[in-house]
Amino acid sequence: MSLRTVKKTAESIRRLEIQGAKNIAKAAVKALKKVKETEYSEAAYILTEARPTEPMLRNILNYISHKMDEGYSLKESISFATDLMNASEKRIIEVGKEKIFNNYRILTHCHSSTVMSILKRAWAEGKRFEVFACEARPLYQGRITARELVKAGIPVTLIVDSAARYYMNDFDLVLVGGDAFTAEGYLVNKIGTSMIALAAHEALTEFATAIELLKYDPVTGKGKPEPIEERNPKEVWEKPPKNVRIKNPAFDVTPPDYIDFVITDAGITNPFNVQQLARENYPWMAK
Amino acid sequence: MSLRTVKKTAESIRRLEIQGAKNIAKAAVKALKKVKETEYSEAAYILTEARPTEPMLRNILNYISHKMDEGYSLKESISFATDLMNASEKRIIEVGKEKIFNNYRILTHCHSSTVMSILKRAWAEGKRFEVFACEARPLYQGRITARELVKAGIPVTLIVDSAARYYMNDFDLVLVGGDAFTAEGYLVNKIGTSMIALAAHEALTEFATAIELLKYDPVTGKGKPEPIEERNPKEVWEKPPKNVRIKNPAFDVTPPDYIDFVITDAGITNPFNVQQLARENYPWMAK
Amino acid sequence: MSLRTVKKTAESIRRLEIQGAKNIAKAAVKALKKVKETEYSEAAYILTEARPTEPMLRNILNYISHKMDEGYSLKESISFATDLMNASEKRIIEVGKEKIFNNYRILTHCHSSTVMSILKRAWAEGKRFEVFACEARPLYQGRITARELVKAGIPVTLIVDSAARYYMNDFDLVLVGGDAFTAEGYLVNKIGTSMIALAAHEALTEFATAIELLKYDPVTGKGKPEPIEERNPKEVWEKPPKNVRIKNPAFDVTPPDYIDFVITDAGITNPFNVQQLARENYPWMAK
Amino acid sequence: MSLRTVKKTAESIRRLEIQGAKNIAKAAVKALKKVKETEYSEAAYILTEARPTEPMLRNILNYISHKMDEGYSLKESISFATDLMNASEKRIIEVGKEKIFNNYRILTHCHSSTVMSILKRAWAEGKRFEVFACEARPLYQGRITARELVKAGIPVTLIVDSAARYYMNDFDLVLVGGDAFTAEGYLVNKIGTSMIALAAHEALTEFATAIELLKYDPVTGKGKPEPIEERNPKEVWEKPPKNVRIKNPAFDVTPPDYIDFVITDAGITNPFNVQQLARENYPWMAK
Amino acid sequence: MSLRTVKKTAESIRRLEIQGAKNIAKAAVKALKKVKETEYSEAAYILTEARPTEPMLRNILNYISHKMDEGYSLKESISFATDLMNASEKRIIEVGKEKIFNNYRILTHCHSSTVMSILKRAWAEGKRFEVFACEARPLYQGRITARELVKAGIPVTLIVDSAARYYMNDFDLVLVGGDAFTAEGYLVNKIGTSMIALAAHEALTEFATAIELLKYDPVTGKGKPEPIEERNPKEVWEKPPKNVRIKNPAFDVTPPDYIDFVITDAGITNPFNVQQLARENYPWMAK
Amino acid sequence: MSLRTVKKTAESIRRLEIQGAKNIAKAAVKALKKVKETEYSEAAYILTEARPTEPMLRNILNYISHKMDEGYSLKESISFATDLMNASEKRIIEVGKEKIFNNYRILTHCHSSTVMSILKRAWAEGKRFEVFACEARPLYQGRITARELVKAGIPVTLIVDSAARYYMNDFDLVLVGGDAFTAEGYLVNKIGTSMIALAAHEALTEFATAIELLKYDPVTGKGKPEPIEERNPKEVWEKPPKNVRIKNPAFDVTPPDYIDFVITDAGITNPFNVQQLARENYPWMAK
């Protein structure tokens, strides 16, 4: 009975009604509130299975489990988890906003709630800058980005994804969010990110990701690959001619050589040091 | 009176009802058939103005003018021009098909009639290969490519533009067409081409363009820039929110360092030698 | 008297009858079993001198010394050392096998017992892949690799060392072992490794090393160079003409920029973080 | 009263009568000796303001503050700070001298007291090498370097800054000091350093910086930029024609990709690991 | 008697009272006016020896010789040479000015009369842009550039040579002149040029040289090296301490990979095609 | 009857008793001397088939045919062909020797008679330099190089192929011969060449090929691939274990980006201009 909400949430996650690493983690934690302690394992399993490619979800469920192992009740542990997510969100914005300067021209890709928060905070503090947003085919999340920024009064220009290199020399910073970060130092993010990062590298334009350490994926430290979700081809072309195959990978992988710095809730670092920071800040991840 | 067809064709070119460097040049030449010799200059001016960014159109009109200077009638000169275009088309296919090998995995971008002809000829001669096509936002010409290839029986997979790097290591060749080629050795082609070329270069995947020497733009040899058309923002987002600016460049510019070879109607060459080949083959261009 | 075995082992190491970082370390530890505690320093000195270029040997002797300093007997300390080596070997295989995927085409160079174990374990678990082996002039250890793999049923192709780049675009992974790893993040391995790594980098093919943290060389952290052994020219050409000089370096040094990830007994990491992992896992190394 | 010396020292620092990160820090600490404990905050503030761009100065003042928080008197804390600076200086020389080899040809830029000490120590220990020094416009500190080396008997050649690439292939090592090191892994040093580093990278010549961990700037970990001092244009051109603008940045920023290794007082490391070493060795920095 | 002027001019060239490839060539041609036909060989030899590193001087003397071989008098031949130099100067300005666009930020190095003419012509035609000039140690020709531009009303900023990379991302174009161009495609120009070109390449900033085909050096096509003048050390440091060696190369060599386009009197081209253009336009060079 | 010698020579070529592009061409021409004019086509066909991968052989046979078309007898045509080969050999040595300087350290790969001639000529003219030779597995032609150089008194050091990068920073020039040159600007030469060229490029060491224009392959201009010979696996490992596959490609392909200059019989040029030079010098190739 008490797993009903969990199952429902899991279903929403599976159907992509809930999207974005952080939203998924928050929804999952919320769904756990009605769960009995004895059911925790089963609930965590159900939620994890709904989106096996989300390290933040896995990490936060592990954290709750870890807290229960330390003797806290499930309720208390959920509370710790909520606090941890809120605190890390707050801190990453505090750090990230410092990287936005007056007169900056910034490119972003897709829609990242962390990047949105950083930009809006910097703007609210009086910094004046301009944003270009790639539209992010196939689902056009770049339009959400554009709407949100323009609503906050931030000047924004939308371009097709493949125009990123055309304008690259005009940008001072490329800033994206992230879905996962690996032990090798790779960033997993919306398809197209790695190509934009490559173009930024070619043009000596700074490329940064704002990513909470809770998105570091500890299983990559054990050699496991970070799976790349293959999504519905209809997102790309609703009624393609017969025999035209469509491939629709949701993410790609940006190598550390193209990431100039990483904005985390534990401060600024370089991509090669993220593993170390995650292990130090969240020793329970190692388990 | 006799300029009516010319004006109508010019209008169709302006409205993009006629697209593609070669189609435009052919339509223009066709429209000239009803023109009197004394009107040629005016007719050529009208047609050129309809699309000032198309070197092939300009070149072929100059060629006709050059032939008339040599003493041929307009009719004869038009006939020479038609022959030249047909011959160069035939030759580029003959050369290009040799670059397609069995088991090749080829990426193409946008829709190039020259690339289509090369691939279909190679297939018709019994070579078996596979094509990936980028969709080419905003106008999805990649879908035209996919339709045309699948109709010819050639296996084709469609991907969003920003997925090109994700699959790049799997490709043996990236083959695109071209709208213009400059004295410096740069290729002007559909927006996104330069980013794909960069990703091909990064992955040591061969990148080639199939481009007739008639698309070499002699004015670039005189220092003039190759203009990049900025198109209607509605192509990108029909009803954007107020204050969201949209930029929609039609082309970008690929540097010669990322072009491994060039397929021309005068044979295979490297991008740094195209200027020389154009000048040798079409000395009238220099005028 | 009790140093006789030590001296004999040292001699075998010097004569290269015992080869490979791990085999040498194991033989040295075995030889210590008959040594009196009071003779330990002398014995360790004799063994170290037999091959001053082997950090694993030095590290394991230091570890024994460190354990004795903690109050354990030599016998107990030797037992700890043996356990440590066995455990780290086991763990690196567990981690490394995860990096081998179905349908992979893998290039390896020379003969690394760690790489062999990883590949055989992955095969034993049902993964199906193919290996290319460079012959590794002058001593053709690549033939040992080929023999061992083919015996395990793994498809293997042998090529001359200089053909590595010719096939590089076909590989999914280059996987090599290692003799030493430095504070700067450099890998010391069989001559030719750095050239293969460079070619892998050029082709965007993943390059990895499987190396136990016991091969991290702490003296490099103090500024000392990792010495490169210069071996007998006769290995290269038995009877060269008079006046032809022959140079025969045993190892070369691969910079971290060409190493995509590092497989260690403490998990997957990037080359820039190896120093940190070694210091954390083996604090006694710092002495 | 007791702040008079502090103010005087601050003034000397501001006027650049005292130059070099280490000299400034030492002078500041010396000036604190006459200060009362209750005045420490004010004194530290005055000194910091004299040169806000010097992390070593800020760090050492924080260290004193940290020691006082631990219960030590100001006098004792100053003594700790002095010891710390002396010890780190001694250690960085011990480590650095190991990186100088016989027959080396070394390029240095500007004048770094740490680099000078390393070179002189290596020479004193019998190593024989040769140094090229860039003159370091606009203030010609390269001449100080040349004078100092030639006085120590070390062969030295002076070149203009823009000749660095011309000779780069002849060098075995480029060795510079540093003013600051950031969380991202970037080195802040005399203008021109990054261009020399780029040229070294292009030529596969090793580029290293000798920099104490006390120059790591913890505020960069919080997202703050490392400010680049803009100095008096008269240093560049004393009497320029009217309307000629002059820009005179004192420093530039070298990315970690061009830094092959870092010589610190905690040993050799790579640029991506400096943040970690600083945080481990000086946990009080985090405050 | 009639060689007196020639000898005097040769002396002025040797003493660097006459500087710049074009000025030297013009002065030499002028000096020939009083020479008898029978003395031409001797006169040409004297002038060539005065500055053996100037291909333009050698080329123009060869051209005169070639014209005399064709049957023209010396006077007529000198007239042809003067016309040729004037025409090529005029044409290179016509071509070059097209490459300057409104709002451009342009970096130049040293003082090139061709670059000056191009910039001033573009400005005179109403284009509005901004120039940064490197000071060009040791002789500060950048100050001449700054003076000349500011006099023409063009905004100019002077920086030290080693600050070029610091500002590189802000520039749209780096434009320099040239002293010689080789068969391999290399540009010989003022020391520092190649380092600036490297930094431009790193930042994807366009780098161009404006160089007349008369500066192509045909002897490089025969394998001869382009000699690099080593100048008086006193230019670098008037009174250096004893034992400080000073090296003062006047030029360096920029590889074609860093030259995005070449502005010549025969139009725009790429560096790999300069040899071909020179041979076609000046077939007499081959002799 | 008269084809007997041709057939015998063809057989020797097929069996590799005659090796090297130039030796093969010379042997073929010699064999033609006994052939009747009416048999020429057949003879040429037999010889071409013996080694279809040798453009020089094909070119010289075409040249003879071309001369016969011009009305010369076979005997005269053969004489022209012999003269052409001799003259081009002589000229390439004249040009190439200029690129060898005193104190140079030169790396070569495999055995090229052209490179040998250039080095020996330079040495004979008094230049003093040193050569490193890669052994060139599997057939050790590097040993032939070493023998030949040492016999000429030139200091030579032999290394295994995979040690090329280890010593690369010490070299001033890498100089190799070539088997074929393509329209795209690629060099086809002994397996390993492209890897050495890559390492030279990485280290900013000049890489050059000495190759006669007769080795330019005109069929590559028509899109045909330059075939890479796959040789007997026994050359690599005489008695490999069962199931060990061996791949033995004879050549690899070096891209123009890694070739700093090309020494041809028509002078020095860059790789992108070779096609043009070949077409100009040998217009009969186009047929």
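The first chain written gets the first letter, and so on, giving A, B, C, D, E and F; residue counts start at 1 in each chain.
The working rule: a residue touches a chain if its C-beta (ideal position, glycine included) is under 8 Å from a C-beta of that chain, and two chains touch if they have at least 3 such contacts.
None of these values were measured; they are calculated from a predicted model.
Using the contact threshold fixed earlier, the set of chains in contact with both chain A and chain E is B, D. Any chain bridging chain A and chain F, meaning touching each of them, is among B, C, D, E; the list is complete. Compared on C-beta pairs in contact, B-C and B-F come out with B-F as the pair having more. If you average the CA atoms of chain C and of chain E, the two centres end up 55 Å from each other.
Averaged Cα coordinates give chain E a centre that lies 38 Å from the centre of chain F. Inter-chain spacing, taken between the CA centroids of chain D and chain E, is 40 Å. Shown for chain F are the residues that touch two or more other chains, namely 202, 257, 272-273, 276.
Applying the touch definition to all chain combinations yields A-B, A-C, A-D, A-E, B-C, B-E, B-F, C-D, C-F, D-E, D-F, E-F. Interface residues of chain A, counted against chain B in their complex, comprise 134-138, 143, 146-147, 150, 155-167, 191-192, 194-196, 198-199, 202, 236-237, 240-249, 252. The touching residues of chain B, counted against chain F in their complex, run 94-99, 101, 257, 260-261, 263, 267-270, 272-273, 276. Remark: chain D residues 183-185, 220-225, 255-257, 272-273, 275-276 touch chain A in the complex. Interface residues of chain D facing chain F in the complex, by the touch rule stated above, are 168-169, 202-205.
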